[in-house]
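After the structure tokens below, expect a handful of questions from me.
In order of appearance the chains are A, B, C, D, E and F, and numbering begins at 1 in each one.
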Amino acid sequence: MKLVPLKLVTIIAIDALEQKIISDIKQCGSKGYTISEVEGEGIHSKHFSDWEGRNIKIETLVKEEVANKILEIISSKYFGKFSIVCFLSTVEVLRPEKFE
Amino acid sequence: MKLVPLKLVTIIAIDALEQKIISDIKQCGSKGYTISEVEGEGIHSKHFSDWEGRNIKIETLVKEEVANKILEIISSKYFGKFSIVCFLSTVEVLRPEKFE
Amino acid sequence: MKLVPLKLVTIIAIDALEQKIISDIKQCGSKGYTISEVEGEGIHSKHFSDWEGRNIKIETLVKEEVANKILEIISSKYFGKFSIVCFLSTVEVLRPEKFE
Amino acid sequence: MLEILLSSLSSPIVLAFVLGVFATLIKSDLKFPDSLYQSLTIYLLFAIGIKGGVKLSGSSFSEVYKISIAAIFMSCMIPVWAYLILRFLAKFDSINSAAMAAHFGSVSVVTFSQTSVYLEQKGIVSEGFMPAMLAIMEVPAIMIAIFIARKYSDSKGESGSKIMHELITGKGSLLLTGGLIIGLITGKKGFEQVSPFFEVPFKGILCLFLLEVGLVTGRRLSDLRKVGFKLIFFGILIPVLNGLLGSMLATWAGLGVGGTTLFAVLCASASYIAAPAAIRMALPEANPGYYLTASLAIAFPFNVTLGIPLYLNFSEWLHHLN
Amino acid sequence: MLEILLSSLSSPIVLAFVLGVFATLIKSDLKFPDSLYQSLTIYLLFAIGIKGGVKLSGSSFSEVYKISIAAIFMSCMIPVWAYLILRFLAKFDSINSAAMAAHFGSVSVVTFSQTSVYLEQKGIVSEGFMPAMLAIMEVPAIMIAIFIARKYSDSKGESGSKIMHELITGKGSLLLTGGLIIGLITGKKGFEQVSPFFEVPFKGILCLFLLEVGLVTGRRLSDLRKVGFKLIFFGILIPVLNGLLGSMLATWAGLGVGGTTLFAVLCASASYIAAPAAIRMALPEANPGYYLTASLAIAFPFNVTLGIPLYLNFSEWLHHLN
Amino acid sequence: MLEILLSSLSSPIVLAFVLGVFATLIKSDLKFPDSLYQSLTIYLLFAIGIKGGVKLSGSSFSEVYKISIAAIFMSCMIPVWAYLILRFLAKFDSINSAAMAAHFGSVSVVTFSQTSVYLEQKGIVSEGFMPAMLAIMEVPAIMIAIFIARKYSDSKGESGSKIMHELITGKGSLLLTGGLIIGLITGKKGFEQVSPFFEVPFKGILCLFLLEVGLVTGRRLSDLRKVGFKLIFFGILIPVLNGLLGSMLATWAGLGVGGTTLFAVLCASASYIAAPAAIRMALPEANPGYYLTASLAIAFPFNVTLGIPLYLNFSEWLHHLN
């Protein structure tokens, strides 16, 4: 059982961006992702209903190069204009080939 | 693209504490948070319905000082009395000023 | 306030495995876990409805030895046959005795 | 007694509850989505409120004031004696005694509705303003029980005024009271527009809801074994006591047999919508293994099967005396 | 005017809205689960569509073509003049002006339904094909407003054709138009099978939905103070203007008093299902503090209380003239 | 044939399914919240069960025993021959053959309900106890198909007894059988209380549910192209075969034309509530691109449009022979 370090990229954004972000991360080379429904507050105050839209959290496990590409694309396409937060952490996986 | 390390504080607690914890972390200096609905088991057994309440997971990205303040407040106010778990990890972000 | 490093094991799998994975991690020595409902895509394409089942994310905070045991069991029992992803990260907690 | 039990058990509403309990016992995967539970709760509370308001709009003050006083009296006193019994006779600790007292003092919307259906089936009319009593009796007992807990233990949950605010603005009171007022304002004519949704399918929706109540109760049954005979005994004794006292008060207040039975049920029933939420906040140290079990797995099934016929018979007997 | 207000306020549907607003103001924890909101929306849109289709199946082309042209005309023009008023009279910036223009130009399903109920209560018949106008008027105004925003600001959201696709395939249009076509095909006879679900409880379900609308509106009220008098003024002016123009056009198109009032309401009402979703995607820089507040907290309550009687009176007066 | 197709297509229930498929094809964002899907499923299963139980309470054993034997026989045999056909004629691998056999052997609640509505529209009465057959036929075929898969492949999912337990306690069986028993106990009189919820709006709710079935089916259509003609061919052949055999058996068992058609539909229909869940657990290696597509995108639409009239005509012809 050999554990290999990979990057976990987490993106929190308004749900309207779901399809776009997914196609972005795929283009950068991500082979999979996991989405959950969340709520949150930041510069923008909390959304209370479907009228105001919801947030989603997208997590994708990728190699470092891919992670950097994703950060670059997300920051250039969405930062400033959209409600979005993005961060990186290091995790360890088995079967690293699954994520390449 | 410069990545800066920040602390991600994760708090898992019964939903009844939501408003209180949010105001606590804001007071400590957090500028935002993300909440998701979760279920779980620990010392207390799993909750099965609204009757028994649910759990929430609150995540907030903050500087190390703020993270420490949050841990201090959470542990002194809630540990022992309430169903609550709290941990810290290190992540990397762009735009660190957004979280200060 | 002394922070102690622990391992956070994250398992993403089809919901049908929920009960089995929970009993596996308990057997390995986990004292608690947190579950959330997620959706995702990997080798298998995204599930769109209850007909096709959903994914869950199970997170458990444990000591390194337990984490290794969990990884071993999960990989030997489910890898290859089931839709499952599993990774490890290091976090810091107060009250480490709660998780032992 | 078996006959009474069997007759209650022929109601589809009670049977749905039994099915839910059974499903949990055989470890079925049947589960109501959270939002279905919440939606049904919203529907039931609002529907009861609005229907009660419409009927109240046809009642005069003189009919209502005596029973309202009785309702407030019982709301304030039940938690006191329930606490005393649980603390000193049953020897539970003070926090759990107070938590259970809150549940016994508040009311069960579902038991109330099931009683209305039961009386209707038997052709017994009852005063239309009784849902107003339901609304009156929901909150005070919980407040008083929390006050007792604070006084006689060192519990330190939410502050008193915060809890008061939460109880009064809680969805239970809000939907019941709001519905009542809407019903009062619109009256019978306005209600006609919405009655095909709030009245016609009501019993069927209650039936579906009881399936869910059964599912949750089933999970509590395993706690029953742990908590033992003591809880079962007092979980039946206190409702019976309250039900009989309620019957007497309601008879004094001049209600008919139907209304008397409904009032007895309000006194006897234990809350499982408002009280658990409030106690979780206010007395976090209290153990749901006691209060939820007492309310859902003991008082509720007892009331719905044997309790209702008992209070009805007692009420009939009292009215016969007069 | 107070009398009119009070008479609207005796409808349980309007009162449910008021209760929702009140619940938010006193900070109640009452909350509809998301999926209940979504389920109610699906029900309402589909039910309106299918009922409209059934009625449309009984109408001839000659009855319908004039008012259809009027509907398309108003859909295209309202966003233009609403934009001009908001941008140059009210001095909002171009993106927010366009976002609000989209909302004023599109239609409110709930206001429309409430008007139907109101007319029915008064015994005023109206043309059955009006829901078809609702379907026609939902989308075009949003497209045009987005087009204006793109032209007169440097907003860079989604591409035009993408948004067009999203609007036309959006659940609003799809359920309304799909329902209409199903109603048209099955006609009265086929509809009978499903009318106990799509027709009978409709008003009651609308009542429940308005409780939720009230909850959301309540949260917007705090924005009202921030955005100030200007938004309130124009948020009433524009609907009134559109409503009166709509009345005239509908009278010209030969509708009766009922249909004229409904058309006026379609013109006057502001969207809060389709438009917010579209604007969020297309004009992400627009501030919901303006467009949601204008639509939910100003135009909607105004229309439902004072607007509907106003448009009805004006329509009656116009028909009297002819 | 076109005529038959068109006549089925004038039912709002079938049209809702078509609308759902269409919505997916044009990539609409229309989506049912999960909990609405789950709530509708709970409602439909429980309502069918309870209604069937009420009707069964009026039937005698002598009416029911023959068709019950036929139901058990078909449940056990359909998966066998479906497996043989799929494995050796169609040359699918053994795991996917068994997975599909499980789906063809079990039953579709929605197809059954749509058939009842269809017969009712035509004025054809049918035996009231048929929902009991639905309950009988849900589980056995799935068990047998899984047994076959275990025997003829090296699949290693859950253990047999675990799956058996899960199937029997699964929400499908539980709600159907539980409802049946409740219906049996309460009988016609008890059912009256809840029929405004479980009977009156049933078809409308079914209509809404079919919109969701259509949405999911639409997504499976793209798989159709991948899996190719072979699956389509056998996905129609097997239902037709089972339907015709079912007709004969039911005629032998002495049912009328209506009951015979319903039984044929039970045999012909493919499960998409119980079977997919069970197969996911028991045969995780099976590909939903085969079994869900065969069940939802082939067998279901075929049965609902052409199948039902075919089985009805065949049943009429058989009864004419006798």
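Please note the rule applied: a contact is a pair of C-beta atoms (placed from the backbone, for glycine too) under 8 Å apart; a residue touches a chain by one contact, two chains touch by 3 or more.
None of the values given here were measured: they were computed from a predicted structure.
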Study note, to complete from the structure: Output for shared partners of subunit A and subunit D reads B, E
Review point. Taking contacts as defined above, which has more of them, A-E or D-F?
Key: D-F
**Study point:** Of all other chains, the one whose Cα centre sits farthest from subunit A
**Key:** D
Point to revise | Distance between the centres, which are taken as Cα means, of subunit B and subunit A, whole angstrom | key: 20
Review point. Any idea how many Å lie between the Cα centroids of subunit C and subunit F?
Key: 36
Point to revise | Distance between chain centroids, defined by C-alpha means - subunit E, subunit F (Å) | key: 41
Point to revise | Residues of subunit D engaged with two or more neighbouring chains | key: 33-35, 38-39, 200-201
**Study point:** subunit B: positions in contact with at least two other chains
**Key:** 36, 89
Review point. Each pair of chains that touch: what are they?
Key: A-B, A-C, A-E, B-C, B-D, C-F, D-E, D-F, E-F
Review point. In the complex of these two chains, what residues of subunit D are touching subunit F?
Key: 9-13, 15-16, 19, 22-23, 26-36, 39, 117, 121, 200-201, 203-205, 207-208, 211
Revision key, fill the gap. Per the touch rule, the subunit C residues reaching subunit B in their complex are 1, 3, 6, 8, 22, 31-36, 61, 89-95, 98
Point to revise | In the complex, subunit B residues that touch subunit D | key: 14, 16, 48-54, 81-82
Exercise for review: Mind listing the subunit E positions that touch subunit F in their complex?
Suggested key: 33-35, 38-39, 42-43, 46, 50, 165-166, 169-171, 174-175, 178, 181-183, 185-186, 190-191, 193-198, 200-201
Practice item. Going by the contact rule at the top, pick out the subunit F residues touching subunit C in the complex. Key: 34, 37-38, 156, 215-216, 219, 272, 276-277, 280-281, 284-285, 288, 292, 296
